[in-house]
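The following block contains the structure, expressed as C-alpha cells.
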Amino acid sequence: MTSLWKRLRSIFTHPKRDLEAVQFSLGDRDPRQTSAAPPELRKPPDPDGADKGEPIPEDLDKAVERLAAILHYPLSQDLVFREITLPTRPTARARVIYYEGLAESRRVEREIIEPLMRFPLTNKTPKDRLPDVFLESILPSGSSRRAQSMEQLVTGITLGEAAILIETGVACLADVKEPPSRAPEPPITERTTRGPQMAFVESHRTNSAMIRRFVHDPDLVLEGYEVGRRQKTPVALLYISDIANPKLVAEVRQRVRSLDVDGITAIGILEQLIEDHPVSLIPTMLNTERPDRAALHLLQGSVVLLSDGTPRCLIAPVTFSTFLHSTEDVYQRYPYANFLRVVRLLASFVALLAPAIYIATLNYHSEMLPHLLLLTLESARQTIALPLVVSVVIMEVAFELVREAGVRVPAAIAPTIGIVGALLIGDMAVRANFVSPATIIVVAATGLANFAVPDQAASFAIRIGRFIFIALAGVLGFLGIALGFYVLATHLAGLRSFGVPFLAPIGPWRPGSADVILRDPYWRQELRPSFLRPLDLFRLTRRSRAWDPGLESAPSRPESGGQEKTAGDEQERGE
Amino acid sequence: MLALLLVLAPTAFLVGGCWDLRELDDWAFVSIMGLDKGAQPGWLRLSVLVQQPGSVSGTGGRVVPAFPRLTSEGATLYDAYRRLEELTGDYLTYSHTQVVVIGEELAKEGLQALVDSFRRSRELQHTIIMAVADGVTAEEVLDSARGDIDPFPATYLSHLVAKTQAEYGASSHRCIHTFLLAEAAHGQEIVLPLLRLAQKPASPSPSGSGTGSGGGSAGGKSGGEQAAAGAGTPEQAAPVERRVEATGLALFRGLRLAVKITGEQAMAFNLVCGQFNRGRVVVNGAATGGKDLSLELSHYEREVKLARNGPSIEVKLKVRLKGSAEGASAAGVDLTPQGSGAIKDLVGSKLTEMMSGIITLAQTQVGGDVFDFQLHGRGTFRTWPEWMAYDWDRAFREAKVSVEVKVTEIRPGLATQTQESGP
Amino acid sequence: MNIKQGHIDGRQATALLWLAASGKVLLTIPALIVAEGFSASWLIPLGSATIAAAAILPGLALMKRFPGRSLAGAAEEAVGPIAGRAAGLVLAGFLAADAALVLRQFSDAFGSVILPRTPIPVITLVLVLTAVYSAYTGLESIGRLSMFLVPWLLAFFALGYTGRVPDLSFARLMPFWGPGPGNLAVQALKHTGLYSELLTLLILIPYLRKPAVGRAVAFWVIGLTVAVMILIQVSILVTFDVLGTDRLLYPVINLSDLVTLGHLDARVEPLIVLLWIFMAAIKVSVILWTLGTHLAETLRLPQFKPLLPIVAVIALAGSRLPGGIQQTIDLYHVSVTHVGGVPVFALPGLLWLAAVLRGRRAA
C-alpha cells in the first residue's frame, strides 16, 4: 500500500506534471515596485576554448594566427584577412578581418581601409591612446568600438563587423555589416484593409527601428542579448519601462538568458524554448509579422522579442482573446470591429466543431434536424458507400493536403492547384459517390472558417483539434463533443502565459476596459489590461475627446497625474 | 508500462464506442402513425407512413417523394412496434413523426394503451399533433393523406389542422403533450382534433391514373381505389379520390371518445375554451334584411370569472370580438356606425347561443370539463389536497355558466354603398 | 514570486459552487420536489434556502475560529484528533455517496436521453475520466472554467426561454399553498440538502484568497441557486402541472423537448443537452476535488492529487451498487436531499459548538 501510494504520488505530483506548481506569477503585490538593476550577463562558454576575457595578443601575428585558428581560416573561404601597411613612421602593419557577404566590402574599403591608409600616425601617439585615436579620428563608422577580448572579436566578426588589428596591440571592431536583407514589404499572413502595410524583415535592427517608428517613447527600452553558443543570435527584448510590469520583464529576461543552446535560427525556436506550455496545442505567445501590432501590445504593457534572421516577433503575455483579435479591429470603427470579432468567434467555433457536429447530428441525433433538411440529407446519402465519419475524415485530409501543397507550390501553377483542389475535393468526390454534397459544404465551410482565424498558431491548434473532435463525435456523438469541449476548456483554464491566466479577464475576472470579445470605442478604453499589472493602468482619460461637451467631464485619472489605485486594485488579486 | 496504458486506453476508447452510431441510410423515418383497433380483442393495429429515401430532388425538377405504408398488429403498442420492425431491414424511428391519427373505434374503446407508451417514448416528440379519424380508420386516413399541393402527407395534415384552427376556428392544435397533460390532470378532459375523409370526384386524365386538380399526383399509393380506377378507360366512371379535412373536435370523457363536434359547434368550443383566433359566422335576421351576411371574426378576447360556493361553481364568460363583414354591399346591409349596432347584437346573440349550446352539450353529453375551467377553479382552493378531494366533474356538470359576447366593431369588408351605374 | 497557488477568489468560488449546485435541477430533483410540494413546490427551495442561509453560519464560524485550517483540521482542533477524524470520515462518506449517486444519475440520464444503446458504465467511465482530469488541474482551473462557462450557460438557458411551449398556464401554480403552510415548512426543512454544495464551500474556505468572503460566497451561492431552482420549478409546473410532473423522470429534458424556436422545425434540446453535460462535468469535478482534498486533509496526506484516481474508482464502484435508476433516485433523495442537511449543516455546527464550549481557538 505504501509503495502504491508512493507510486501514485510520483505520477501525479511530479513538478513537471503538477499543473498547479506555477513557476511564475505576476503576483498581487503593488505592481509599481521598481525593478532592480539587471543582473550580470551570463556569458555562454566560448567555442574552441576561447574563454571569457582571453586577452588579445599584442603581437599582431600571434593575434592573427589565433583568430585564423578560431575562424578556420583559410578553410572558410568567405573570410577575408586584408593586410594593410599604415603610413606611420615607422610603418606599422594592420589586418582587417571580415566575412565577405556579411560585411559590406565597399564600406570596409571606404570607411576602414582608406582612412587607415591615409591617416598619418606618428610614434609620438601614446600607445594606450591609439584605440581612442582610431575610434575618434580615423574610423568614421558610427558603431565602432574597442575590442577587449578574443571573444568579442570573434563575435563581432561573425555578426558582420570588421575587426581591425594593428601591431601595436590595437584591436577595434567597426560596424559595417550589411547582411542579405530586403526592404519591408506588406504582410503576408496578417493583411488588413486599413492600417500600415509593413511587415518585419530579417534584420532585427530594422525591425526594432520599425517599432520605434510607431512608438516614439523614450521609455521604450531595447535590451539586446546573444542567444546560443555557436550562433550567438542577437535577440532584442523590447518593453516600455514605465508601463510593463518589471516582474514580467525580469521573467522574460531570465528565460531568454538562461537558454543554453547552440543557437536559434528563427524566433519560432525561441518561442518553443521559453513558452510556458511547450507541449500544449494552444499557443501562449503571439507570433506576429506586423510592427504596428507589436507596438500596440507594447503600449498595453506586454513585452516584445525580436530575433535576427526572422521577419516576425514574439509578444507575451497573451490571453485567449488575443488570438481572436486582429489589428484591423483597432483601425476600424468599433461597430465594424465588433461585427468582425463576432464573425471571427463564430468562425473559430465552426472551424473547430462543424464537422464533429455534422457527424454527431447525422449519426447519433438525427431527431435534432429539421424535417425537410433531414429528408434532403438522407436522400443524398443513399448512394454513398463510405460511412459518414470516413467521408468527413477523407475530405478533411484532402483539404489539408491541398492546403499544404499550396504553401509550397510555385506561384506560376498556384491557380492550377486551386482548380485541381476544387475538382479533387468537390466535383469528382461527389460524382464518384465518395461523399455527399452536404459533406463537401461542411468541409469547405470549415476550411473557410479556419482561414478567418487571425492567428496562424491558433489556426493550427484548431485544425488539429478538429480531428480530435471528429473522433469524439464519431464515438460518442454529442456527449463526446461536449465532454471534449469541457476538457479543452479545462485545459485552457489551466494555461498561463508568463504568469497571466489564459482565460483572463473572464476566468479569473479582472476589471478593465471591454476588449475581450467585443470592444468599447477607443475613446472609452481608458484602462490597459489589468491582468498585465501595468505600472500605468490608464492609457487615456475620459476627457480624451475633450472637444466633445457631451461626454462627462469628471476625469477618472487625477489631475496630478499620479499613479492612483483603481477600483480594480481593491479587488482580490493574485494570479 | 505507463506508455502502453496511455496508448491502449485511447485506442480502446476510440474503437470500443459506436453503440449508438447509425448511418442515416440505416434509418426509416416514420412520417405519420395511425392507431386502430386490432383484429383480436384488446390488440392494436399500427399503420405508419414511412418516408422513402432517395425520392427528394433538390436540383430543380420536383420529384415527389413516396410514402409506403406499413402495418402491423400487437397486443401493446411496443409489441406492434416490434412486429413492424420485422417488415423492413431499416431501423424504424419515430423521431420525425409529425402526426398521430387514432381511429374512431379505438377512440371509443379507450386510449389507455397509448398513455404510458407516449409518456415514456424518447423518440416521439410531444409536440406532434394527435387527431381522431371521424367515421373511418386511421389507416384510411393515412392512405388519403395527400395534399393537392403539398407532397408531404405529414406536413399536409399538421398544417391543415393548424390552419383550420387559426383561420376558421373549427379545429384545435392538440399534441401529445396536451393529451398527456389532460390525461393526468384532475378535472380536465381530453380534446383532440377530428379528421374526416371527404370524397370528391377526380377529373379524368389521359393516363387514366386518377389525379386531383392541378395534375401533381402524389406518388404514394392509396387503397385500391386509385389503382383500380387508373386501370380503367376514360369512358368508365371517373375515379373517386378522398381527401382529408379537419372539420371538428373529438371530446373525450376520461380516455374514451364521448362526442364529436363539427362546424359551428367546434368554433363555439374554441370560443369558450379560449383557443379561438379567427373564424367565420353567418347571420341572418332583420338587421341583415333577411339575407345571409358572412362575417369574419377576429381580435378575440376572453375573460373568465369563476366563483365557488361549496360544491357548486358559477362561471361568467365574457368574450369580445371584432367582425369584418363580407359582401355587405352586395347584400345591401347598412354597416354605418348607426346601422351596425343591430348587426353586432345579432352576431353577439348568435355566438352566445352557440357557446351556451356547446357548454350544455359538454355538461350533458360529455359530463366533464373540456373547457379547462379547472385552471380557473383551482385558484379558489387553499391547498392541493383540498383541490384533489373536490369533485370537479360534478361541479362542472351542475355549474351555472353565463355567457356574454360583445362584438365591439363591425368593419365593412367591402364598400358600404353600391356604385351608381353610368348615365 | 509564487503566490498562493491553487487559490481562487470569491467570484470564482461563487461561480463554481453555483454551477455545481444548479446541476441537480437537471436531474430528478424537480419531479421529487413536486411530489412533495405539489403546486407550491417552487416554495420549497425558497424555504430551504432561508434555513440553509442560517444553518451555514455555525460552519462558517467554525472555519473563522480556526483560520488557515482545513475543515478536517478544524474538526480535530475542536473535538480532538480521534473524534475529529471520525467526523472528517463521516463527511468524506457523505461526499463519496453524493459522488456515486450523482454519477449514476447523470450517466443514466445521458444514456436514456442521448445515447440509449451505449452501456451506462461506458458513459460513467467517460464522465469520470473527464472529471478526474478537471479535478487534477486544480481548484484554480475549475474556478476559472466556471467563470468562463457562466455567461455561455446563461445564454443557452436564456435562448431556451425564448422559445414557445404549448399549453402553458400560470394557473397551474394554484393552489398557492400546495400541501399547506405547515407541511411546506416541514418540506423546506427536509430539503436543506439541496444546498449540499455548501459543504464544499467549507472545505475550500482555506483556498480562498480572502477567507473572509466565505460568508458572502455562501449567501450568493444560495441566492443564485434558489433563483435557478425557482425558475426551473415554476417552468415545469406551468408546463406539466403537478400530476404530469409526477410521472416524469427528467422534467427539464422533457421541457426542452417541447420548446420550439419560432418556425424552426427543430427542438432546442441540443442546447439544453450541452448545458446539461457541462454542468454535470463541473459538478462531478467539484465533488471529486472536494472528496480528494477533504480525504487528504483528514488522513493528513500532503497531496490530494494521488487520491483522485482512488476516489474516482470509489465513485465508479459506488455508482454500480444501486440496482436501478429508481433505487438510485430514492437513495439520492433520502441520503443527500433529505439527510444531507445533517453532514452539511448539523455536523459543522456541532463542531463549532464543541469548540466554543471547550474554549478551543486557533493558536
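Letters A, B and C mark the chains in the order given here, with residues in each chain numbered from 1 onward.
FYI, a contact is a pair of C-beta atoms (placed from the backbone, for glycine too) under 8 Å apart; a residue touches a chain by one contact, two chains touch by 3 or more.
Not measured: the values here are computed from a predicted model.
When every chain is reduced to the mean of its C-alpha atoms, the one closest to the centre of the whole protein set is C. The most distant chain from chain A, with centres taken as the mean of CA atoms, is B. When chain pairs are compared by contacting C-beta pairs, A-C ranks highest. The distance from the centre of chain A to the centre of chain B, with each centre set as the mean of the Cα atoms, comes to 66 Å. Rounded to a whole number, the gap between the C-alpha centres of chain B and chain C is 43 angstrom.
Within chain B, the positions touching two or more other chains are listed as 13, 17, 20, 125.
Contacts with at least two other chains are made by residues 11, 364, 367, 371-372, 476-477, 480 of chain A. For chain C, the set of residues that touch two or more other chains comprises 115, 118, 126, 267. Residues of chain A touching chain B in their complex: 11, 362-364, 366-367, 371-372, 374-379, 381-384, 387-388, 471, 474-477, 480.
Contacts from chain B toward chain C in the complex involve residues 13, 16-17, 19-20, 119, 122, 125-127, 173, 175, 177-178, 180-181, 184-186, 375-376, 378-379, 381-387.
Within the complex formed with chain C, the chain A residues making contact are 5, 8-9, 11-13, 18-25, 27-28, 247, 251, 364-365, 367-372, 476-480, 482-483, 485-487, 489-494, 501, 503, 506-509, 571-575.
Partner chain B is touched in their complex by these residues of chain C: 38-40, 112-113, 115-119, 122, 126, 166-167, 169, 171-172, 174-180, 240-244, 246-248, 254, 257-258, 260, 267. Remark: chain B residues 2, 13-14, 17-18, 20-25, 27, 29, 51, 53-58, 65, 93, 95-96, 98, 123, 125, 152, 154-155 touch chain A in the complex.
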